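Structures given as structure tokens follow.
The two complexes that follow have subunit A in common; it is paired with subunit B in the first and with subunit C in the second.
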Partner chain A sequence: MAPSTIRGFDEYLQSLPPITFQRLYQQPATALAIFRRMLPSLAKIFVTTLLYNDRPIPLAELQSWVRTESYREREDAFSKLRRLHITQERAGNVSIDPIFKKNFRLALTGGGDHHSFGVPVDASDDRKKVSISTLDNYAANQFDCILHYMVEPSGQRQPNPGVKILLITSGLMKQSERGHQPKITQAGFSFILQEGNAQIWALLIQYLEMCESLQMEKTEVLHFLLMLGSLELGQAYSTATLTQTQIKVLADLKDYGVVYQRKSMPDRFYPTRLATTLTSDVTGLRSTAASFTQALVAAGPVAPPSEAAGESGFIIIETNYRVYAYTNNPLSIAILDLFCKLGSRFPNLVTAKLTRASIQRAIANGITADQIIDYLKVHAHPVMRKNVLILPPTVVDQIRLWQIEGERMKTTPGFLFKDFASEWDFQDTARYAEELGILAWKDSKRRLMFATRTEQIVDYLKRRGEQQAVGRKV
Partner chain B sequence: MDKVDASAHYQGVTEDKPSLLVVVLDTNPFAWQSLHSELPLQTALSHILLFLNAHLSFSHANRVAVIASHTKSATFLYPNSAAAAETAETSVDLYRDANKYRLFASIERQVQSSMQRLLSSTAPESLAGTNETTMAGALSLALAYINRVCNADNLSDSGEGSGGGARPGEARADTASMTARILVVSVSGDLANQYVSVMNSIFAAQRQRVPIDICKIAGDTVFLQQASDSTNGIYMQLQHPSALLQYLLSCFMSDPSTRHHLIPPSQINVDFRAACFCHKRVVDIGFVCSICLSIFCSPPPGAICTTCNTKLDVSALGNYGGKPAVVLMKKKKIKKAKKVLNDSAADSSTPGTPVA
Partner chain C sequence: MPRVNKGVLVECDPSIKAILLKIDQDAGHAYIIEDLDESTLVVKEQKLADLKHQLDAVLRKTSMQEREEESSGDDDGDF
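And then the complex of A and B:
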């Protein structure tokens, strides 16, 4: 839909080949992180049930635990487990992948000798104590620096060359001509409007893809990233057990503000809040975003004076769609320019207007109405916050309506199924797809159907085929 | 951007609320002694710790608490400030520590050390003649803790990374939506002495919508069955105590929000009997004070209710076996008088009393 190169972590992980999973699950910390972050809760229960069961359990038995109304959740759980190669199915029996089983058990019991949860260092000999607020400031500064650079490449604060290369290879910025400063792309703009944790993951996934061209072992990088999520904020960790690749990664992550390392102490590193929340669940992410905003505010003295003075909120919106932004921060103004028609600029104030054209231009660039509304809400001026509804409801509704206006036609990427052998075959498959909620369209007369995913249907057809084969023998 | 992700319609599934699990462990030494051949306490404890780890690995925001229901007291095994201080002092082998998720390690150490302390502080003479456990105390501790975590703690910065520094408004919305449940690992029998307080805890849990799951390893307690029944919890009598871990991981793993997708392990018929207030005996048929609904196994001496001091009209009983007026008063929870006559009442009445 949008000109975007950004993929979520989930999608990235699912696109990996099975052999990579085998290697990933060799580290207990990774097994734990994937279990925690990737699986729906029903799937987690299936895993714990199977974990200490040495004999495979009939699939039908597991299925019978779930209420028939929750059919969709059940299928989703099983398909996730299959896609992440956590379960294996043989002749109607389910069992857990032996490597995953062994290492997830190790993660829970804490046995073995793998050091995959990071080796803590006693930091009491450190002369300068590294406090949590130092880490938060550092993370906020580093990340802010990247965002600033994207908006204003010629600004004073320049990120490290590694970051610049990453931004260009990922398509968030574009080098127009040799020798010129790179410029931000549309994908870059919608990246800026994303929520904090999604941004970090987007960068890290780009980083992972870049790793391959740098001859770095992808699984080692993934191990390291997922390990970061299980570390404790404010605790120093040793670099002694890291591999060569991982030390290289560490240096790069320092630039993103994911880890903190002091020059005088190269043998240890501190994960920041950005790191420790990498593998959090959804609710965790939200509060991270909030705390991150706070950290940004707290980082006042280092940030440009306008931010230090004006708290986090600077935008006033009137019911007549006029926007007054008390800021002289180029980043903020550039973001406003994405979806507002800018009017005039004063030393501490920018006036703008939300118009149908400006919103639709933003939407055409891949920014959603919700992103705009969220941005306005988060950065609303304290005066606006006194209202029960922070933003005027008319404006919020209108932004949404302007978005819907453009949605007369919707594209759904997916797969066309045709040439069904029999009417029953077609009806049965279509019914299954419909129950899963992946059926986009069907034509019973011509026996055609269009589904958004294939994996589950392929699995289903395979299983059905097996059952029929068994039935025929009997 | 979200629309790019084709799995948009699955998002409802992944958005689970964090959940709090409070394990109430019955630590009655006599009961564990009799179980020793099948399931030593140490093994059971390690199974429970593994279960806690599994619960914590479900989500970053999940939390646990462990409460020991001992012979004469109920104490927190985790979180336990004394044990935390102690384990912090003892320098840990840092290198070995890297093999374990830190949260798991700290919980394990705290539970083990506070358990040690609890057992060593129990003098043999103090055990004389008690084969009970302070279940009511432990349940109230659990409920109080749940209330604190789900409602009160959200304003103060818990400092546990996930909630730290969030804006107060958001934090409240987030933690109030935290679900909680209690798991009672019970080994000892009768709780008749604590009937009233246990029942009150059960009703409090019911009000807070906290399911009480019962993992019954040995003994039989009617009231715990009622606890799980009235709070929509799971009651499980273990056939093979040595397989405690498997039971825990497969039957008791689901948090309240997942539970409505699952068919609960089948509940056998619940024993709804009550205990009398005068002798703490479990009665099949009892006498209920018409004013305060106290239950007696036989009409109280002098026909005066021992709870509310009301002068009761015993003559209404007539020859017990007719229709006592109290039966008409009964409400749902007082539906305790049932079918068969109990021994104590048998000599004063005729069997086969009709009960509606």
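And then the complex of A and C:
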């Protein structure tokens, strides 16, 4: 489910005004992180080509590198670069944004006095050394606490007030009545079943949006988040180079388990695995989950042993839809309760059943069949993993069928385009959208079309308008 | 430049669409942005969940008996 995490952050970035990008690219670490995480590989090739070219290159020349049948990928790469304000175009020539160029070069070759990759602190003289497993435990515990609170707001382990406010402003939970505990929303339900790093990014994006209302400088927060991705696990970093805003952010991130800080040592912080994998690619994200599991298994004294067993897979499903979950972790049981009909509870086992009613209730709560299937797959008991297909195919099919049964309409979020100036205007735009594969519906007679995304089309219309204006002048 | 409206494209059977149009009309056109053709509409994004809910309510009313029979069959899980 990692692509969705990229998409979430991607959309957020593209909604920022150009001036913010100018400020973002002033930090080498940010330039590098955006290059690493946000660009498709074709766009990376264009950037590396242009990087050490001092003069602009004709756009046509770059375009001729790509086979004509890969038109779509090429347009996608260029439009990404334009939208992230990495390239500039003047009179058919492309060049890299000077600020991006300068700082990306700095990031690649080193040098400069920017501290944007953090300042390591020598922690060898510490009396108590902070080990990687301590960091993993801390991160897992903090994050578990947040999830637990969402499922069971009146539980014993309560996260800090900051986290609670974030959950409510982000719409993952809802304050029903004054004085009552907040309740989880539809968005919250599907959040809980997401993969770990998707959850972290979702929270951080919400955090960024909340920053604006707290009068915190957005770019500084972004710099800090993207810097975290280039830090090293197990290394201590100094807080001396951070700005006032960033110190505040640091305190909040501690609550999410993204960074670790000792009370006795306020001058340094440790990034956890959640932080160091923020800007790495998909494979990096998978290993996060794996190492988390190991950390939890190893964490005898910190986490209860049941939790350790729970994380490594505890669900057995039979072809008759019976579910046996070897766990006594309240969080796992609460999650199962979202889409199963719970039966009996034993000291180390919960029996449940997948029924049409339970699945449809989950779907009504905003959980998708795929999320349920993914969750069951990830948490399947080792015995189930011996099979080629981890889950019984009949059960998987039936969960999907139950979902379709409840869906009487097929929905596609997107944008309706109307009031085209001329027949040609409509046909040309619709053709472009179709080539990009984002056209969902059109009616030539009424000059109406529906596309799943707008950025590229708006971008295209703008350029087409400019070209026409130039043509008229000539 | 054409005008752009954010929304959700809904594709469904003509019979379902008729119900949707009725719900929209009763609510003073609070849901539908544009009626495209016999099986497609564009609906306001933030109203979609509400619309689905309304549709379910109407359908449940019309097929109550059938549903009751099925759900009683589901509940016989004996542990």
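Heads up, the rule we're going with is that the second predicted complex is superposed on the first by the 406 of 474 C-alpha atoms of A that agree within 3 Å, B and C clash if a C-alpha of one lies under 4 Å from a C-alpha of the other, contacts with A are read in each partner's own complex, and residues count from 1 in each chain.
As a working rule, a residue touches a chain if its C-beta (ideal position, glycine included) is under 8 Å from a C-beta of that chain, and two chains touch if they have at least 3 such contacts.
Computed from a prediction, not measured in an experiment: that's the story for all the values here.
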Subunit B versus subunit C as contact partner of A:Ala29, first or second or both or neither: first
Subunit B versus subunit C as contact partner of A:Ile247, first or second or both or neither: neither
Which of subunit B and subunit C A:Pro413 touches, first, second, both or neither: both
Of subunit B and subunit C, the chain that contacts the larger number of subunit A residues: B
Subunit B versus subunit C as contact partner of A:Leu214, first or second or both or neither: neither
First (subunit B), second (subunit C), both or neither touched by A:Ile19: neither
Partner chain(s) touched by A:Gln371 [first = subunit B, second = subunit C, both, neither]: first
First (subunit B), second (subunit C), both or neither touched by A:Ala440: second
Contacts of A:Ala60 with subunit B and subunit C, given as first, second, both or neither: neither
Touched partner set for A:Ile404, first subunit B, second subunit C, both or neither: neither
Subunit B and subunit C contact sites that coincide on subunit A, given as residue numbers: 366, 413-414
Sites on subunit A touched by subunit B in the complex: 1-2, 4, 6, 8, 10-11, 28-29, 32, 35-36, 40-42, 44-45, 48-49, 51-53, 64-67, 70, 73-74, 76, 106-122, 136, 190, 194, 230-233, 235, 241, 273, 276-277, 279-284, 286-288, 290-291, 294-295, 366, 368, 371, 413-414, 437, 452-453
Subunit A - residues contacting subunit C, complex: 186, 341, 343-344, 351, 353, 355-357, 366, 408-421, 425-426, 429, 440-441, 443, 448, 450, 454, 458, 461, 465
Residues of subunit B defined as touching subunit A within the complex: 1-7, 9-10, 13-18, 50, 53-54, 57-61, 94-95, 97-102, 104-105, 108, 161-167, 170-171, 174, 245-246, 249-250, 253-255, 257-258, 260-263
Subunit C residues touching subunit A - in the complex, by the definition given at the top: 1-13, 16, 20, 33-34, 36-37, 40, 42-43, 45, 48-49, 52, 55, 59, 70-71, 74-75, 77, 79
